[in-house]
């Protein structure tokens, strides 16, 4: 047991360097061409069988994909920043998912570890006290920043790959390391799951740094309270007219969007658990004296469980249509993202607690049995599928003091966290492949 | 000319007595069984051919008809108050319209005079100063009152009938005296017009006491500015549920009705002229802690012309449907009344002005050429049809000082007005049948 | 222990007769003149010190009291139906609360049992299959019915009084039997609590038949999940005007009420637990063609705890004011009822479970430890006050198969339930006064 | 009379060159640094006394002024494009108004001619058929274009100045040539009028090319039907929160803005004439999953007269405040522009008709007595002030076939129009100074 932790600690500088390189070159959902290429290359070198693009992504299930021009620009930027064209070429259309598979001589279980790679649409703080500014690894991309720690997740995933590759004799069965694009906006998991890559998985582990485990040297064995969610965009199209002389000739898209926003907030509360709605963005109209003919509304629904979220989403969609009908305008609704809730496998979580307590990687009080998320994470797609197929899944957290909250422009975490996180997952993979 | 005025003045006490009897026994739209029976009986006695019920009303075009039980009760009340069962029997279902026709030996034009007979849903004032209370002819029917002067119109119409019957040699062609039910709420004219009774009319006259001619001893030769209007009821049907434990199981009719009301008031103003909307009544829900499953909304649209009213009505109807869709409830919309705008025949009005100035019935300053109504009157249905068929039509006013405005519980007018109003219309009928 | 059950069973016919008499003469909130008089008389006869009217009610804390005329009529009805004028006279203004106090020679604790007496604003079913119709004890009062079982509660309360009076030697300390008016609409408890009558209580018991214990021969030892609630009426006053010619001169109370209703349903969900809003009734306007100047809205807020309900109420009140400001109308908001949530004393509930299991009154599976209410009950006012003063309190349920749900016009329960309910509470009073 | 027309025709190429230079370098409201400098320089050379900046603008009355950075950039651009720093320096803060005054030896009246100089926030069409593209004078400024003809107005104003300077003997009294900034958005007139520059004016003339006189070789003697208008921006400020876990901690600026928009469209129609409201732009929120804390709404009210517009504005402002109160957010409302309606001086218009008919500048059918604007123009501020001080004022139009409507990206007019427009105003100035 101690061997893995010792080896992980020896990788510390490599992990940190990797994380900082990724932090400096953040890529948002479906544009992780450089990140995914690095992952693919590294996994290949370590002896993993590597699957990318269409092998791990079902295009029709991708949600919230940027337009072609944006994809093109991001692809060019990735190549300019050193991405291997061989890999990028396989990721056309934003199919930036990667999976590394390693089979071991001993028969055993199939274990999957899922990490996410994408950055946020946030402009990184210019504050001189912000660590990435002090150490020179702040984002060089305008309005994109790793403000949720997925740079760390990716670096940790590659460290796990190395620990496994260096200790092949410890493992049995099959290990699948899954690097997911587009977790922000819960856009990417569905399309990877649809490819069938976790259909044969016996045990799946997800892990996040920080979050509800905001203390160094801690680890959370399982997480509950995932809110199911759906992300929708509604685009209204009316008809403009002169607001002074011919208001009756227009079709008012602004009022339709405003009405939809208000009405959706009046959806009846669900009696069985938390139901949420948020219209986060409304943009409408072109000029003060023109009856407004265009409007867009960006919203999300959530529910304590998938059924409640479904209720909210169905109500929201109908209300959007009704608001369009109200003002006689057209509307298109697009699903930009989504995630189910999930039920954790409590027994598996309790076993993990025992394994980690026995490992000595953390002080006893550092091994936290369970926390509640109270937010959404599309790892739930992976967990749900594994469970449907008879496997088990948990979502863990690697504790870290945060400099600022997730998605904040000054977000930063303790890089030491990655070392023990990697060792822990490598250890769990050993235990679970050998069952 | 003077003869008719002299004869009219001789009828003064009879006219007043008639008006007071009708005032004491007011009957609202489609329940004018007693009033119409009196009219039919009187016209018959005067030698007119009398048409009632199906002969002058197309049932399918009747709007805003009370329910069967109400009709039944009003019919019984009428019989109890002296209505002739022979006539009442022909008015089943509220078909309380009457027309008296008299043909003369001299060839000539067909002239129609239209009066309305119905009372308002108003409780008459108990104020001792109110003339009907002083003189003992206040309404004996709860919540029904002649607060618009139609009692006077009916009495005047019968006086005109008598003047004509007594002076058959003066007249030529054909005279049609039309007694319309249900002008309040603009419900009755459409069904009478649909029967075809004015299709052969060359000249049609409507007349109202008071209104925009609020001065004794005056007469208005023509009226413009009729607002086209539509009266709608919308009944929403949802699903109730426990507001505490299962709000998501309900379908909220109250919110649908509230939303419809607000949205309709946001219909874009019409750039070509006055457009109006009024939701006058909203009633919803059964109890505070029950998600409300029923709601009703009573509204009207208006427009400076029929096209603008049509625009408002189409918008309103769509918005009602959209509000129902918004809250997933059902809705039924019923047209309870309506009237087009109308274009007056200005040349005819100018001729009338000349005739009345020449008559000496009024001082020259008492003969007012034209006023604007700024409200709705379904005489416009008659006028429109006559005009479509090649005839001409005007709407006149008989000036009278009012004690209180129309529809007020203290409304009262100067009964003298009826004498000169009758003489004037008898005179005009003479002139126009002889053209 | 068995003695009390045996005695209770001997009272069965008396209990049922009492309940049926009360069922036949139902009285709604603050008008329980006959019911309360019977209670006062009976308690007096049994040797209790009896307090009524101002002794147990603080007038200024009474919520949702009917108007003076209604009170007067109900008082007269009660007298006509046999209420003792001596007691009724002390209940002027609807102060129909009663408390019977008995002190025992042995020193001991003070135990209170609270029952409620009022009926619902429901018209009882005429269905021949409905038991009260078959047996001739259906309500003789139009639109009032015991549809929640409070008739049973009152009968059971008097049976408990008799059991105690017949077994004085078993008891110690003091027993307070509290008969509350106006539980429906959560209107009455606050005013009784304010009088200080439970300030010295060590243990308080509330009990309801049926509800979440919809099975015969069961008893629930404690109830959690009381939703805090507030009942509000908002009365809007605007200015009417002619909808056709002068809409700009009006102030639209209907739109203000509609807007308030919709806006309140958009109050942001509370992240810490269930939050509810229901506008159950909206009535506005006088006529279709009059800009509406009056409107009333009846609503309730609820929350998983008192703080969340407070949040909802503050938001709702501000939104009502804002809606009035929106349309420049005046508004008055009145609190018509309310109840806090409450925290049950779990240890006390567990003790009760032991006592009842030991009693043999129920089969072991009939003693249900705990259920969740998911609704509101103003017994929470009593419980909260007792707890604030250092005492303990639970709310129990007496299981009964129901013929139809609470507040339904066919509601009916199994009268046997009352026997074991009475015996159980008499037993618990014995145990708790002797602690 | 013919002399002025002949001289104007001789200036044709100069006028066209001037107009094209201005068209190529368009400047929007309050940034007309280059345009105003050219005007000031030219007027100085022609012998006018020239007033600019604080002499003709009251800073506190300027509406809708761009921010300091924008002003700075536009000032630099103007200097780069040849504006004289001497003049620009006097126009700090956007005070780009100019007035040229010339006094004549003969005593006479004071006549003012007002033209406007600003361009629109429109990107000029790239269509090769668009004349400015063919002839190489299309806008070189992104998103700014002379799409309403004010380039022509300015060129015409300078031509009038030249005609007057060359014919000093013809004139009497005083002539004031007023070059106004910021007519678009009706932002500039109020601040110029406030400086008092037209307080002594006897006769004021405004003129627009095209508009409701869309035919070459015509002139309109007076214009009625100016809609009074007010332009408002409302900025809402709430509080963001996590939409999933703490919606109750936020204050929703998006819903407040949406509600304000809908409510304002429900302002009751004014019974006395056209009333308009348009929320043309709504922008709110920062991200889908964040409760939105910021929103801005851009709107305008209009009325058939100043009183009706005032009614709309007062209602709109109160509703904005109420919407902010509804969602407990703060709001700031700023007036960005505005114009009163105006009453034209009909006698003056009829005199002008006679003068122009007698002039022979146009065919008789080309001299159009009157049209109705049906829109807003802040020349009404000048007209109103002149009338208040006892003078008279009219707003004329110079007919021109348009290639596309005003404010369209392909807008273009017939440059010949400017010649006869200049001659006509020079002629009228002669007639009216000599009265």
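Note that the chains are named A, B, C and D in the order they appear, and that numbering of residues resets to 1 at the start of each chain.
Criterion: a residue touches a chain if its C-beta (ideal position, glycine included) is under 8 Å from a C-beta of that chain, and two chains touch if they have at least 3 such contacts.
Nothing here was measured: the structure is a model prediction, and the numbers come from that model.
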item	value
Comparison of A-D and A-C by number of C-beta pairs in contact, larger one	A-D
Longest centre-to-centre distance from chain A, chain (CA-based)	B
Gap in Å, rounded to a whole number, between the CA centres of chain D and chain C	69
Between chain C and chain A, distance of the C-alpha-averaged centres to the nearest whole Å	51
Overlap residues in chain B, where contacts from two or more other chains coincide	242, 244-245, 247, 252, 255, 259, 262-263, 265-266, 268-269, 271, 275-276, 291
Chain B-facing residues of chain A, complex	242, 244-250, 252, 255, 259, 263, 266, 268-272, 275, 291, 311, 315, 318-319, 321-323, 325-326, 328
Interfacial residue positions of chain B with respect to chain C in the complex	121, 185, 227, 229, 231, 242-245, 247, 252, 254-255, 257-259, 261-262, 265, 276, 278-292, 295, 298-300, 302, 336, 374-376
Residue numbers on chain C that touch chain A, as the complex places them	262-263, 265-266, 268-269, 271, 274-277, 374
